[in-house]
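After this come two complexes, each holding chain A, first together with chain B and then together with chain C.
Let's turn to the complex of A and B:
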């Protein structure tokens, strides 16, 4: 195995494990750009993972599973939306409540689906290209789940920065009050952002259970939704930076596993903290550089700085 | 109560609802010597809990017993509540199957001297609480023999959660079995740091497959993710806990599995006849409490015959942990012909030479 193959292999496996994270990260970015934080994405991811797996197991279609994951995530985020936008609940308390609710509901209804077998996406026959040392691994890594993730990334970037609804969303996030003087209704925009954000988190969960792992087990996301919430800050609330941030985490995570197999004399427990350490370092570096500009949507910043 | 307080209350209510949702109870039946089981995960995981549940089903089928079970019960005060509730509903024997249930079970046992408790894996006793478990090392050795015969690249991979004596014993036994069939074989170890993290398990399996490893095995709660990833990558897999061959029809080699039925039946019969006593019940391949899972297509008949003869030797009392045993760093753990003591086996903290991986 030469150096090129190792680098390519690490990059591709990083992309594979970053894909569910990327979807959640994009979802949370959209939500936070509208001025609402949603800590419940872990719950939406879990419910999406369960719903996606259950639907794929019942219908036999992994595509239906991905779609079902999106819908389940959006429905659960509606609970968050109702709590913070209608009753004016504290969005952190509501987020944690929704997180636990998603975990509990998915564990409860998911019991009959533990140990079920699903048909994942069947890779097409690539013919001679499959044996090419460069093309082969890339084609094998580009599963539908990964491709959907990359398309979502481009779509989020374009919608947020190149379209009118995207401009409105950013305006609402910076200042709901100013936006409403322009005739934009902040609550509507925020509702849409919460639903899309929750849907993308559910889609991330479904692409984990249906495509990447092909297995459902309760609490299977193991904190990855919360990692995505942190990565939003690393990506400076910019959807274009979501892919590099998720990839950074995914690549370092898969590198940590690879270093183990190479017999590196470092404790695996220390190695598994590597992705977090690297992201912390990037966060610190990015924060120092961006201090003057401040990338956090201003209405969201108010939530963080207010004492209520 | 103003709106904000109301909504905080609503949030807390949602949390309570969600936490309560983890618990599930099925087919509660009337009193009369009902046997209750508590599982830490779902009983359909084709892993640890599935194997325990197979024992429960055997009690119903072979002895005509009435049983109840609870799944997904965390190892905290929750399990005490569950056991109390089962006892209130007429359960007279409790199988607390997860390691972390030991202390809660001891507390409940002290309050209910008329109920018998059996804990899986522990070493503490009470007048009405005993423990049960089995050594699976010998079966791991047999499974390793099949892997060593099946591998074409001569490279094996082992994915496990934490470096504790049980996982290290399984790794060393598996590797030594493989080496008995293919002296050149190597084995790479990946620790996931969690008994159940399918994402890391899949990634670890993929990483090992990328490096030309063609037989995987594992010691995590459920074998499904790794078995399926191996099948997807076109490589082979040896299972753990239970027979998961249906998840890798092409690549399944065999696996080490629990067989709790005979042990649980023995316990229940001794309770019925009044001969039960509080003790640490242990068994192994000789007692049939552990067994080899079914063979997949990769194991040819002559290899099966060889495995069978070694199995008979173990059943006849041949020791597994006999030297030469050399650790990764070259330390001799047992000289040729010497046998490891029971204490040394149960506190194993090293990997044998030829295994690539860390034990810290």
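Let's turn to the complex of A and C:
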């Protein structure tokens, strides 16, 4: 194996393990761009992972699973929307409540599915291309889940920067008050942003359980949703930067796994701390930069600065 | 700039009393309705289940003792959240600090063993561990405005993995074969038991004393006043010579030390050894309790008791109603949502 193949292999397995995170990250970017922070993505991801797995296991269709994950995430995020936008609750506290709700409900209803296995997406037959040293690994890594993730990435970037709804969303995030003088209803835009963000985080959870690991374990997301909330800051609320940010986490995670299988004399538990520590480090770096450049949506900045 | 002139609403004594009752009764009512709806959707009889919850938590000596046992870590984790909140810092890191305290405290026990100084050394190490774990996000926030909520959350996972590493790796007691845990702690580092034959330990009294002490410190001392000033107006406070950064470091460290204490109490007095996953969801429950109390150190005590009852009745529900363990998490989440919803609506209604 030459160096190029190792790098390509690491990147590709990083992309695979980054895909769930990428979708959550994009969802949270959309939500935060409207001026709403949502820590509940962790719970939405869990509920999406459970719902997606349950649907894929009972219907046998991984596509139905992904769709079910999206719907479940969107439904749960409606709780966050109701708490923040209707009753005016603190966004961080409401996020924690949604996190508990998603984790609790998925663990509650997920018991019959613990230990079950599903087939996930069946890889198509690529013929001779599968044996090509360059094309083969790429084709094998590009599962439908990964492709959906990449399509979401492009779609989010285009919608946010090239379309009218995207412009409205960004306007509301900068200042709901000014946007409303232009005839935009901030609460409607924020509702839409919360639901889309919730759906995407549910989709991320489903692609974790249906496509990546193909089983369901309680609390299986292990903080990926919270990592995503941190990486939004690193990506400076720019959906195009979401892929490199998610990839960073994914590559570190798959490197940690690879080191374990290579039999490096470091405990797997210590290696598993790496993705979180790297995320914390880039979060610190990103926070300094975000402050220096003022990249944060202005209405969101108020949420972050006044924690009470 | 908008200037809004509004007549100040005079609060009569009776109105204030009414409002106080409402702020407790409204979330309780919403919670009862919502959790009943949840049980009814499952096809279970809500009234019977609520009866079982109450019976499980308070119906027997065993139930009461288990409720109090669970109250201890909840109470301490809630204090750990509420102290930084006095400066407006939103820490969700109690479970990480819990693990860090349990980890360092256990390390101390493994070093000093059964000497008569072992107990104070263990507590000291545990508090230091929790405090260090909390100081990292505190420093990041003070120095570079890194969001402390996210930093504490990320460190939770790191701390729990550190404990896993210790109990599966270097600190594992090979004599208990498949079970990943350290050696049993010597009797000398366990606090006395309050009810003979039970696992209810004197940590309960310690926790209540801490709540009272912190209440006095935060409401009566000059430092507590400084925190209030800095929280409501950081610029003003710093203008008259107070340091927000020092406040952030101190409140985070105190909170972390309290959570670390919870970790070592749970390790030494309940499990008798360090093992994986001992923090359960105490960190999140503590966050919920702190929020419900309005970050008030004394109000935290009774609310922790209620949450302890909810958690211990979760065990009873598992046993008698065949409901899964996660029921307790779902109920807590419903409670949190009820509190947030009614709290927000009441605030809106008060100042329209």
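Heads up, the rule we're going with is that the second predicted complex is superposed on the first by the 272 of 308 C-alpha atoms of A that agree within 3 Å, B and C clash if a C-alpha of one lies under 4 Å from a C-alpha of the other, contacts with A are read in each partner's own complex, and residues count from 1 in each chain.
In the analysis below, a contact is a pair of C-beta atoms (placed from the backbone, for glycine too) under 8 Å apart; a residue touches a chain by one contact, two chains touch by 3 or more.
Keep in mind it's a predicted model, so treat the numbers as computed, not measured.
Once the two complexes are overlaid on the shared chain, A:242 sits clear of chain B and of chain C alike.
Of the two partner chains, neither chain B nor chain C is touched by A:210. Of the two partner chains placed by the overlay, chain B and chain C both lie in contact with A:89.
Contacts of A:218 after superposition on the shared chain: both chain B and chain C are touched.
In the superposed model, A:25 makes contact with neither chain B nor chain C. In the superposed model, A:260 lies in contact with chain B only, and not with chain C. In the overlay built on the shared chain, the residue A:287 is in contact with chain C alone; chain B does not reach it. When the two complexes are overlaid on their common chain A, residue A:229 makes contact with chain C while staying clear of chain B. In the overlay built on the shared chain, the residue A:107 is in contact with chain B and with chain C.
79, 83, 87-90, 93-94, 96-98, 100-101, 103-105, 107-108, 111, 218, 222, 267, 269, 272 are the residues of chain A that lie in the contact sets of both chain B and chain C, per the superposition on chain A.
On the chain B side of its complex with chain A, the touching residues are 3-4, 6-8, 10-12, 14-15, 17-22, 24, 41-42, 44-46, 50, 71-72, 157, 163, 188-191, 193-194, 196-204, 206-208, 210-212, 222, 224-225, 228-229, 232, 246-247, 356-358, 360. By the touch rule above, chain A contacts chain B in their complex via residues 1, 9, 13, 16-17, 20, 79, 83, 87-90, 93-94, 96-98, 100-105, 107-108, 111-112, 114-117, 120, 208, 212-215, 217-222, 224, 253-254, 257-258, 260-269, 272.
Across the interface of their complex, chain A is touched by residues 85, 88-90, 92, 140, 144-147, 149-151, 153-158, 161-162, 164-165, 168-169, 231, 281, 284, 287-288, 291, 324-334, 336-337, 340-345, 347-348 of chain C. Those residues of chain A lying in contact with chain C across their complex are 39, 79, 82-83, 86-90, 92-94, 96-101, 103-105, 107-108, 111, 218, 222-223, 226-227, 229-230, 233, 267, 269-270, 272-273, 276-277, 279-280, 283-284, 287-288, 291, 304, 306-308.
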